[in-house]
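Multiple structures are listed underneath, in structure tokens.
There are two complexes below, and they share subunit A, which is joined by subunit B in the first and by subunit C in the second.
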Partner chain A sequence: MKFSRKSRDRLGLHLILGLVSLVTVAPYFWILSTSLKYRTEVFTQIPKWIPWPINIQNYLEVFQMAPFHLYLINTIIVVAGILAIQLVTITLAAYVFGRRNFWGREFFFFLFLIQMMIPIHATFLPNFLTLKRFDLLNTRIAMMLPFFASGYGTFLLRQAFRQIPRALEDAAVIDGCGGLRFLWHVLVPLAKPTLIAFSIISIVSHWNDYLWPLIVTDTPEVRTLTIGLGMFVQQESGADWTLLMAATAFVTAPMLIFFLVFQKKFVESFMLSGMKG
Partner chain B sequence: MAKVILENVTKQFGTVQAVKDFNLTVEDKEFAILVGPSGCGKSTALRMIAGLEEPNTGTISIGDRVVNDLPPKDRDIAMVFQEYALYPHMSVYKNMAFGLKLRKFPKNEIDQRVRDAAEILSIQDFLDRKPKQLSGGQRQRVAVGRAIVRKPAVFLFDEPLSNLDAKLRVQMRAELSKLHDRLQTTIIYVTHDQVEAMTMGTKIVVMKDGWIQQVGSPLGVYNYPVNLFVAGFIGSPVMNFIPCRIISKDNRLLMDAESFQLPIPEKKVPYYQSLAGSEVIFGIRPNDIYDRAFAPENIKINTVRSVIDVIEPLGSEIHLNVTAGKHDLIAAVDVQTVYKVHQELELAFDLNRMHLFQKEPPNLRVKTEQ
Partner chain C sequence: MRRTDRLATYSYLFPGLFFMGIFTFIPVFMSAYLSLFKWNVNNPEPNFTWFSNYIEVFKAPLFWLVLRNNLIYAFTTIPISMSLALFLAILINQKMGSIRSFYRASLFYPTMIPMVAAAMLWVWIFNPGLGIFNYYLGFLGFPRLEWLYDMRYALIAIIIMSIWKNFGYYMLIFLAGLQGIPNHYYEAAAIEGATGWKQFRYITFPMLAPATLFVFVVAIISSFQVFDQVFVMTQGGPGDRTNVLVFYIYQHAFRFWDLGMGSTLTTLFILGLLIAIWLVFRVIGRRVYYEV
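And now, the complex of A and B:
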């Protein structure tokens, strides 16, 4: 059977892509596989990719040893809280910078952009001291507060708002829909793709946040999944790889499921932020 | 239904004066058209009536109210934009209902008004569609529908047909004229297209550089333009302008254009007598220049020799670009014969329809009417 040159090229490309995909996916698969193994099956001469019989006891033990369910709730609260407030602040800021004229507008927007250039680690100490002064350390608010405003989100949304033609605003004003009503009824619905893109980026980055939550939290009651996993690795699991992998699988599962469900939006969001940013 | 009055209205953007001392009255139910070249201030004037721009000086009245301090939503106006300005995320129905919903109209009244307007504009089948699923003409009708449901005192149109193709423009012109007839509402319409101005309006306002040049009926402005600019802007093809000198010769008054001389008709002599010896600009519309071979008998004596440069057959008539001595002219002649480029042609001028304009700015037309 003869293959055309196009088919041969495509076959070659698919082989390369398949290999790269395999290398990328393999660690996750190994984590899942190990999490379902018995301890004696972890290190064998011939690696066992598919455990049989499966052992879900590892997961039950992990939940008994550390409150991962609480860590999950805390993470959801922190991520959702940050996102909710961010959506309000960036929408209002983007509206003002994108659609309104006022003295000093360019200067203040420049300050917003400057904020994006400052490395997050440079702000840890002043933010820590501020939270300490207000007695907010070791709270969920402490993990959320510095992220309520987003220079990046403001920039992204401002660009989206500026795309909307002036005639549309004129028509809305004549309809009796000016100012914040125009923002709510027209700008926000039209900027939905940008808002979704930003939301995905915010959720992913704050879900995986480690350093800041580590600095501002002390007790398991407010810990997030990443911190909980870190503590589990250091203190709880010992050298038990099955428990460790079970905990890791549990921590990474929500984002993986989120990605699988919204993968199209993920790609669009990175493309959008790449094009507009 | 309302009268619109603008008194001493000016508008400045930085150092640029877009509208200068604008005075205009649009009577109730009138279809007034602001026409002029790009940048003449017509859209700015319209936006000031709508309340989208604030005048620097002057007053704007709609009905019996001075509306300078009223926001657009309270001026009882509706506006149709060049780019349609439909809300892309809303269906046609919701686009049309949006303004009424914000004003807290009852649901059944909103529904009634939307469906009535849709029926007038033949867009009942599109109510569930989004704007991106419609053609340009359909979108424009939805934009008009959105204005109609408001039942405003004044409709404002800002070059609504500019984005449509030529055929659709002709169709929509007729529909808008019918709509005006049906709704009997004051309309103020902005366009740069003098054909739209001539065919649709009951009153034309010709503008240039922020100033009103002339206000009048379409035929009034066409037949009696106040100055060179209006004469050249209104009418298609453009009026021919030939610099000449008025001379007295053998008890006759003649126009001497160097390449040729033409006699001024007897009935116009009293009006032009005082111009003897002066330099003026002779204006004549292409439709008033004939191929001598097919001209009416009474004008065959006023002839000029020319050479054809370009032939533009339009089907119903032919536009001939000719050179008569030093002067380039356009003649719009009937389709009677076949012409050839470089052919010599004798032109006959209907001088009863001629105009003379002062050579110095503002190039006023010398009046020959009472």
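And now, the complex of A and C:
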């Protein structure tokens, strides 16, 4: 049989993409598979991809061993708290950077850009000392504070605000809708796609935070999912893979389900994150 | 502008600047200041010693090993994940049906997983006896390796998992860039007889420059932030062969409680990061064509 050049190219395309997809998806499938096995089923010489008989007992056991429901609630509180304050700070700052002229604008904007380049990984030690001085260690608020301002979010939103025509603002001002009312009733609704994109990126990145919560927490009452998983691993010290993988699957599940349901929005958001840079 | 307006302007700026000041800029100066003090278990009160911490850092062979590890990590993960991302973005951007969203999701989903969870998963995959990595590499004729327990291969294992975790995000950024290239450029090129490699070289690549610059900067920052996977998978071992900068700072600050040394390393870290990014913008940034 003879293939035309075009259909041979198409075959190659799907062959490569299919193979790479298989390699990237397999690890996750392997977590799920291990988490549903009986302990003895793990020790097979040939990997068993389909767990049979299925054992959901592992998940129940994980919940008995560590308060993962508490970790989940803490994570939601921390992530939502960060996002709520971020939306306020970035909207206000993006508004003045995007729509107003004032003394020191370039300088202040430069500060916001620099903040993008200095991650928490570069400041966790002095921040720890600050929170210690104010007696805020081991609280949920401690996990949120360093992220309340976002140079990155401000930058994204400023770009969106700048694209809104000047004439619209002039008309609004004549109608008596200036300042904050213009921001709230005109700019924010028009910049909704950017706000959603930023929100999704913020939720994903803070849901996954590890270093900072690790440093400022030391009791289960305030710990988040990622820290809880880390602790669970140490407590189990790698002995029981079915339990470890059940815990891992539980920790990854909320964000992945969210992603699969809203795939289009997620993809658009992460695409937008680079385009404006 | 009226006075009240001006006041309003600065007050809108205030919340952001306030948090930024306290949690980003003051810390930068605070670590620079504290780096001049001996402040550890032997010196419970900070003791001003000029630059002695810096001398101590540069004299420690471990510091150079850590730097070397981190540079190896950066110089392998960045080019490999960027070229993989670009290649796959070009493939996914070809005409195809709804299977595109399947490919896209399968390549991008690792970004959604917490690094800690991903690290846990790969500890299991790299398990020398039961792990699937050794099993399938065996088919390709590789010997069974101890991976995370072997000084020679632990860093490679961490590099492999990090590429898996990060390339999907870079791919999406490239994909966004590709979708922004007007189709008539390619049509014009085709009429002129430019195909395949030539189209890539003279249209795709230059038009992707802003996306490439963005990915490059993000990749540099994240490759010097690497911590979570090291913390979970190896704790810097075996023999400090996977010890990287942030983990090294963490060790000094929270394991040895040497805050002066921790501050010194933090200061060097920030300086290094800013210089690296400045260089990227100086060398590459000016060659990037922006369509405004």
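Here is the rule we use: the second predicted complex is superposed on the first by the 269 of 277 C-alpha atoms of A that agree within 3 Å, B and C clash if a C-alpha of one lies under 4 Å from a C-alpha of the other, contacts with A are read in each partner's own complex, and residues count from 1 in each chain.
By definition in this document, a residue touches a chain if its C-beta (ideal position, glycine included) is under 8 Å from a C-beta of that chain, and two chains touch if they have at least 3 such contacts.
Being a predicted model, the structure only gives us computed values, none of them experimental.
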{"item": "Partners on subunit A (subunit B, subunit C) - clash or fit", "value": "fit"}
{"item": "Partner chain(s) touched by A:Thr139 [first = subunit B, second = subunit C, both, neither]", "value": "neither"}
{"item": "Which superposed partner A:Pro189 touches (first subunit B, second subunit C, both, neither)", "value": "first"}
{"item": "Which of subunit B and subunit C A:Gln159 touches, first, second, both or neither", "value": "neither"}
{"item": "Partner chain in contact with A:Asn208 - subunit B first, subunit C second, else both or neither", "value": "second"}
{"item": "Contacts of A:Ser199 with subunit B and subunit C, given as first, second, both or neither", "value": "neither"}
{"item": "Which of subunit B and subunit C A:Asn101 touches, first, second, both or neither", "value": "second"}
{"item": "Partner chain in contact with A:Gln115 - subunit B first, subunit C second, else both or neither", "value": "second"}
{"item": "Residue contacts with subunit A in the superposition, subunit B compared against subunit C", "value": "C"}
{"item": "Which superposed partner A:Asp170 touches (first subunit B, second subunit C, both, neither)", "value": "first"}
{"item": "Nearest-approach distance, in Å, of subunit C Cα atoms to those of subunit B in the combined model", "value": "10"}
{"item": "Intersection of subunit A interface sets (partners subunit B, subunit C)", "value": "none"}
{"item": "Of all residues in subunit A, those that touch subunit B in their complex", "value": "165, 167-168, 170-178, 181, 185-186, 189-190"}
{"item": "Complex contact set, residues of subunit C against subunit A", "value": "1, 5-6, 8-10, 12-13, 15-20, 22-28, 30-31, 34, 88, 91-92, 94, 96, 99, 101-117, 120-125, 127, 130, 132, 135, 164, 168-169, 172-173, 175-177, 180, 210-211, 213-215, 217-218, 221, 224-225, 227-228, 231-232, 246, 249-250, 253-254, 259, 262-263, 266, 269-270, 273-274, 277"}
{"item": "Subunit A-touching residues of subunit B, taken from the complex the two chains share", "value": "47, 50-52, 71-73, 77-79, 81-83, 85-89, 98-99, 102-103, 146"}
{"item": "Contact set on subunit A toward subunit C in their complex", "value": "13-14, 16-18, 20-21, 24-28, 30-31, 34, 42-43, 46-47, 88-90, 92-93, 95-96, 100-102, 108, 111-112, 114-115, 117-119, 121-130, 145-146, 148-151, 154, 179-180, 204, 207-208, 210-211, 214-215, 225-226, 229-230, 233, 238, 241, 244-245, 248, 251-252, 255-256, 258-260, 263-264, 266-267, 270-275, 277"}
